[in-house]
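Chain lettering (A, B, C and D) follows the sequence in which the chains are written, and residue indices restart at 1 in each chain.
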Amino acid sequence: MLKCSLDKIQNLFAEISKSAKLYLPVDGKDGGASYGEWSEGVEWSGALNTTKSPKDFFFPQTEDLMAFKTAGKSIEIIDTRSESEDFVVFGVRACDAKSFDILDRVFLSEPQDSFYAMKRKHGIIVTAACTKPSETCFCQTFGIDPASPAGDISTWKTADALYLQANTEKGTALLEKLGAILEECSDDAVNAQKEKTAAIMQKLPLKDLNTDDFGGGKTQELFNNPAWDELSQSCLGCGTCTFVCPTCQCYDIKDFNTGNGVIRYRCWDSCMYSEFTRMAHGNNRLTQKERFRQRFMHKLVYYPENNDGLFSCVGCGRCLAKCPISMNIVKVMKKIGGNKGE
Amino acid sequence: MQRVGVFVCWCGSNIAGTVDVQAVSEALKNEPGVVFSTNYQYMCSQAGQDMIKNAVKEHRLTGIVVCSCSPRMHEATFRKTAAAAGINPYMVEIANIREQCSWVHKDMLTGTEKAIILGKAAVAKVNLNTPLIPGESPVTKRALVIGGGIAGIQTALDIADAGFPVDIVEKQPTIGGKMAQLDKTFPTLDCAACILTPKMVDVAQNENIRIFSYSEVTEVKGFVGNFDVTIKKKARFVNEDICTGCGACVEKCPMKKVPNEFNLGMDNRHAIYIPFAQAVPKVATIDPNACNMLKNGKCGLCARVCAAGAIDYKQKDQFIEEKYGAIVVATGFNPISMEKFDEYAYSQSKDVITSLEFERLTNAAGPSAGKLIRPSDGKHPHTIVFVQCVGSRCESCAEKGKEYCSKICCMYTAKHAMLTRDKYPDTEVYVFYIDVRTPGKNFDEFYRRAVEEYGVKYVKGMVGKIVPEGDKLKVQASDLIANRQLHIDADLVVLAAAIEPDKSARPLATMLTASMDTNDFFTEAHPKLRPVESPTAGVFLSGACQGPKDIPETVSQAGAAAAKVIGLLAKDKLMGNPCVAQSDELMCNGCSTCANVCPYGAISYEDKEFRMPDRTTKIRRVAAVNPAVCQGCGACTVACPSGAMDLKGFANSQIMAEVDAICK
Amino acid sequence: MQKITREQLIEKASELLANGTVSCVLGWGAGEFGYDVTPTVFKTAEEMKTGFVFSDFCGANFSKYLVAKTQKTEGKILVFLKPCDTYSFNQLLTEHRFDREKVYAVGIPCEGMADISKIKAICGEGISSITAEGDTFIVTTLYDDEPIAIEASAVLAERCVNCKSKKHVAYDELMGEDGDVLDSGRFDEVARLEAMTPDERFAFWQNELSRCIRCNACRDACPACTCEKCVFDNPKSGVENKSPANSFEEKLFHIIRAFHVAGRCTDCGECSRVCPQNIPLHLLNRKFIKDINEFYGDYQAGAEVGSRAPLVNYTTADLEPGEVFNREG
Amino acid sequence: MQVNEYKPLIVAFCCNWCSYAGADLAGNNRLAYPADVKIIRVPCSCRVNPMFILRAFQRGADGVIICGCHPGDCHYTSGNYYTRRRMAALFSMLDFLGIERERTRVEWVSAAEGAKFAATMNDFAQKVAALGENKRLEDLRCKK
């Protein structure tokens, strides 16, 4: 275990940013936190979570895939990929850290998504343990311990110091570069914090929410549940839940005509949208109910079915906080699962 | 994908002088969809058009881009060429590389560059063009002429002669208009009544013509070939069908002190009246503002003396609805008010009169039985001053006058001066003028006769001030040629008042959706090439409503308008403009926003049943555009938030493609 | 604290359900934490007793739901409308978006709704309960031993701080007393921005709009955005896009959206309420409203059914686009 | 002429009946204006959708001008009145977002006003040139 006094945290950031770009949660004027690049004087936000998850770093909302340059009737194909530089994403919470496992299974399985893989190769994830989870948090439902976050490096912030521990080779390499700012220390403070957090976790309102009724093989049982009608009836069909979700990974590939050519790019898509997966014959999910059901069935049934029981929700609570009509996965799980969480 | 052919015109050196046409046709060869590109000296020539036709055949073209002069010039030509070659005429786009390129840019490099870009925009557009087929609508074979002056009379007679029914709507109790008030006509000096009244009789007797006198148009709906017009027949309190025009009622009417409009208030008429002896229809009319019986129920003399029993005090305004295929506007003119011209003392002295009043004073049927007298004392005037351009060509006095030339004043003043000197050789006649404008057949000869034979004193210069003093009018004027001030003691001053469109024209234009200029003269569809048509299809212009004109000009325009009407009514069906709005029902919200902005009422709504994606049915209110009514302005397309409304020929995608091509 | 209670509304709804006036109720459904309220259709009085809620967090504007719900429902729908909702209700009627006959509208008074993010800004995350006592919220959290008292006025939603009207402009029945159209300072913020230099304004909006994630929540919650197919979803429109690919796309979406609702926007504030990135989108709409009021005379969309929106109207004496700026001197 | 001299790109939407004819008249009378002005013909100024204007800026236009018949002279009677309101509102909004107000303009040019057309374009091009490139409504993708 290594530690860095909080007085020196800016020095720590400065040191990290010497070797790689450093991104960390910063407070916005609007009250929400978002990831920003560190430069001198930029403070690490104390917010529990950022509005948008850190998946943006690896799977950006829009990303150029290739380009075509046209001149008259000739077309030249341009590979827009380039070797990216190392970067550090600092302050990632346990839930968001877990989301990368979920995304990895999608993007890194064969055929590998080279855009995502490139960024994963160069990105170093430094997590931060939670000490004050929100009422909307339910990561423990998915077996995540917010006090022991994964990532290349895990950190714990106490009243006076930041404790750091490398989990991977990438993490170890980074910590080695930081040298003098860090000092060896015992685990005591971290363990104490973990205990305290564990106690709080037992007080969270959603602590008893479980996944017993979900998982692979439940399609037949849950697909025609009449409760989908009621649950979906107020859904506006916007993409807020999808776009704040750390695990949603659907995208659309579009061509943008620049006048002198075409930029082929991908952008996040949402299964809540009526245009989602539109094909020549039209859309396969015609009603908001079907679209709504798809999103939750995917997270709770289809994904685990194909991924060894791993659910594609990490309980970060963003959708609970941001849905314009407060309809969310928790309400769905309780209703569909017959699980009142009591 | 279209197969586009590009044809770059040199227009001799008009385009080729500033634009490297070879470079343009080479550059456009590489544009998407272009399979053929060439250039030629005169694309609009027979050889040029043949070149297009051959290329269509040879290269199986589906779209044509002509880089040439303005589409306002030859779009129609090339559309015909396309049609002749067997492709839809709306698959043609014109890149304007003459008026908007070669003629305004001097440098070959920039000119060529811009021409290529304009060509690219046209190619981009034509790639998205779709064949358009004009809609058809039937034609009601009846014409409406609004205004019964010489313009309206001539138009109606010509249309009727071709065998089509015509209705004349005249707001006065009789047709005849201004010409009926004139004495003699220039430059031949034949009497107005002698040539006009037979025509009025012709109108009355023509079986194809109906006259709605003392009537007004109150509502116009519909469109070319299919107008629905409401005509208000004002109550004249005399049954027109029974009245014989004997005049017994007029003689007995005790209300004798009503100013007589026909004589411009220089004498009086009765409350029941026939405007003049040759009125058509020759029936009496009761002036409700003057008649005691109508005002307070006391009198009833006329009803008692009418042998025919035609008097009907209970008559009400009547509204007649009729369908017409064409409408001719012949609302004519009026002299402007002289009230504001204090410098000429029009309001102060009865002996300062307008030229129209002078006409009445010299007319044998006028208030003085044709004897030229001073209105104030009935004495014979010796010194008469005519002032030209009163309120005309008045750039600095827009609040009371007009900027334009009233055109007819020079000639009628010469006529007045000449007639005065001819009849009263003892008079001294001055004419003050800015310029004497006599461009017309035998006009200048006429004017010279006034000066040379009749000794009218023409003075170049304007009258500065007229002051009544005793029984004289002190006229101060400048003689610009002699460069001196003139002081004339005149007995009579005649002001050649500017003329302006009749006040009824503006509301009528709104009803007809016909455009007007800032002076309220109706605008022609093209000042040179379509001078008797309004831009609004089916509306034609006759006479001074379109601009100041004299009688011969009016009559020729009246005939021309009639010819256009006949040409329209002779058709059984009309081909519409296919560039009309169209609503995509699947996207339409039925919100009525588009209908709110449509100036033609072309959009209606209906409830339609839709099969929804979730296999249910849903009834939704959606917009439908009547393509025969829509004129294709596109106001609705922008008002529509969902983009359901689009304009054929100028679709969102087409305009955006042009923007893209220009901006890349 | 709302003057009308949950119980009164349930009683009213039960009565109307029982006598057959309505077949269902569009109301607020309770959530997990007391503040996460979901619009819900209730079919019976029993359902309402268990699931219906009315509190200071019932901000959602129901008017828009009527477009779809009236198509799908047999019989009349009972809808509870706060004063600001009634404007949207009328505007939708003006645009023939639903059948008035299928709705039974009960106007209910509103004392202004609370903004949970303002509450969280004071007491942090981990809220266990929120109860309203008079003009105060008593909030308990996981991290504070003592309940925290918060003045309701301090956490009033932004749109309620500048409430334009407590008057109901449409209803079949009114519960409680009707209020008045208010003289709000709702254009103050617009005026403040107008007073800035163009560079400052540009910087302001660049910063705000750059946060847009194009989730479409603003559009999808907006009662004026009820198009069968939005131009931004329609590949044929030429502007369709799913992401704020760059600062141009961000601006295009918000400018066009504001323009499309200009003259139709009732200023209900849903756009800003639902924005996950807290972009003050209502300022764009208010700019149009303010301009329209100043250029063409005061106009409140939805105040009357059938009124003609200013941008689909004109007078011959309207000011010229160039004069818009001269006006300011 | 210098090769690097900054040339603004100006898109002019002209109504078919008045302004496009006015532009033709400017041509007939050989009244020069910068070649940077590219005209798009629309039936009426009211056909111009704000989306076209933003599109032009996106694609690299530095100024957009809309020309129509004088108020009262619209071929379709009322089209330009709607244009007047729409564009007043839109341009005010663009200004509100900090976009230079000199980049947009509405001008009424009749078919008889060839001289006015040329003068307007000269003036507009000059004003836009003075602002330099449009940066605030640009789409960098289109500049690649």
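By our rule, a contact is a pair of C-beta atoms (placed from the backbone, for glycine too) under 8 Å apart; a residue touches a chain by one contact, two chains touch by 3 or more.
Small disclaimer: the values here were computed from a predicted structure and weren't measured.
By number of C-beta pairs in contact, B-D leads over the other of B-D and A-B. Taking the mean Cα position of each chain as its centre, A sits at the greatest distance from subunit B. With centres computed from Cα atoms alone, the innermost chain of the structure is D. Put simply, the C-alpha centre of subunit B and that of subunit D have 31 angstrom between them. With centres set at the average Cα position, the gap from subunit A to subunit B is 72 Å.
Subunit B and subunit C have Cα centroids lying 52 Å from one another.
Mean C-alpha positions place subunit C and subunit D at a centre distance of 37 Å.
Shown for subunit B are the residues that touch two or more other chains, namely 597, 639, 652, 656, 660, 663-664.
Shared interface positions of subunit A, defined as residues touching 2 or more other chains, are 256, 258-260. The multi-chain contact residues of subunit D, meaning those touching 2 or more other chains, are 50-51, 55, 59-60, 72, 78, 82, 86, 141-142. Every residue of subunit B that touches subunit C in the complex is listed here, in rising order: 586-593, 596-597, 605, 618, 620-621, 639, 641-644, 652-653, 656. Chain contact summary for the complex, subunit B toward subunit D: residues 70-73, 96, 98-101, 103-107, 110-111, 113-114, 117-118, 121, 510, 513, 515-518, 523, 535, 579, 597, 599-600, 631-635, 637-639, 647, 650, 652, 655-656, 658-660, 662-664.
On the side of subunit C, the complex with subunit B involves touching residues 71, 94-97, 226-231, 234, 236-238, 260-261, 308-309, 311-313.
Across the complex, subunit B meets subunit A through its residues 29-32, 613-615, 660-661, 663-664. On the side of subunit D, the complex with subunit B involves touching residues 1, 9, 11, 16-17, 20-21, 23-28, 30-33, 35, 38-44, 46-52, 55-56, 59-61, 70, 72-79, 82, 86, 118, 142.
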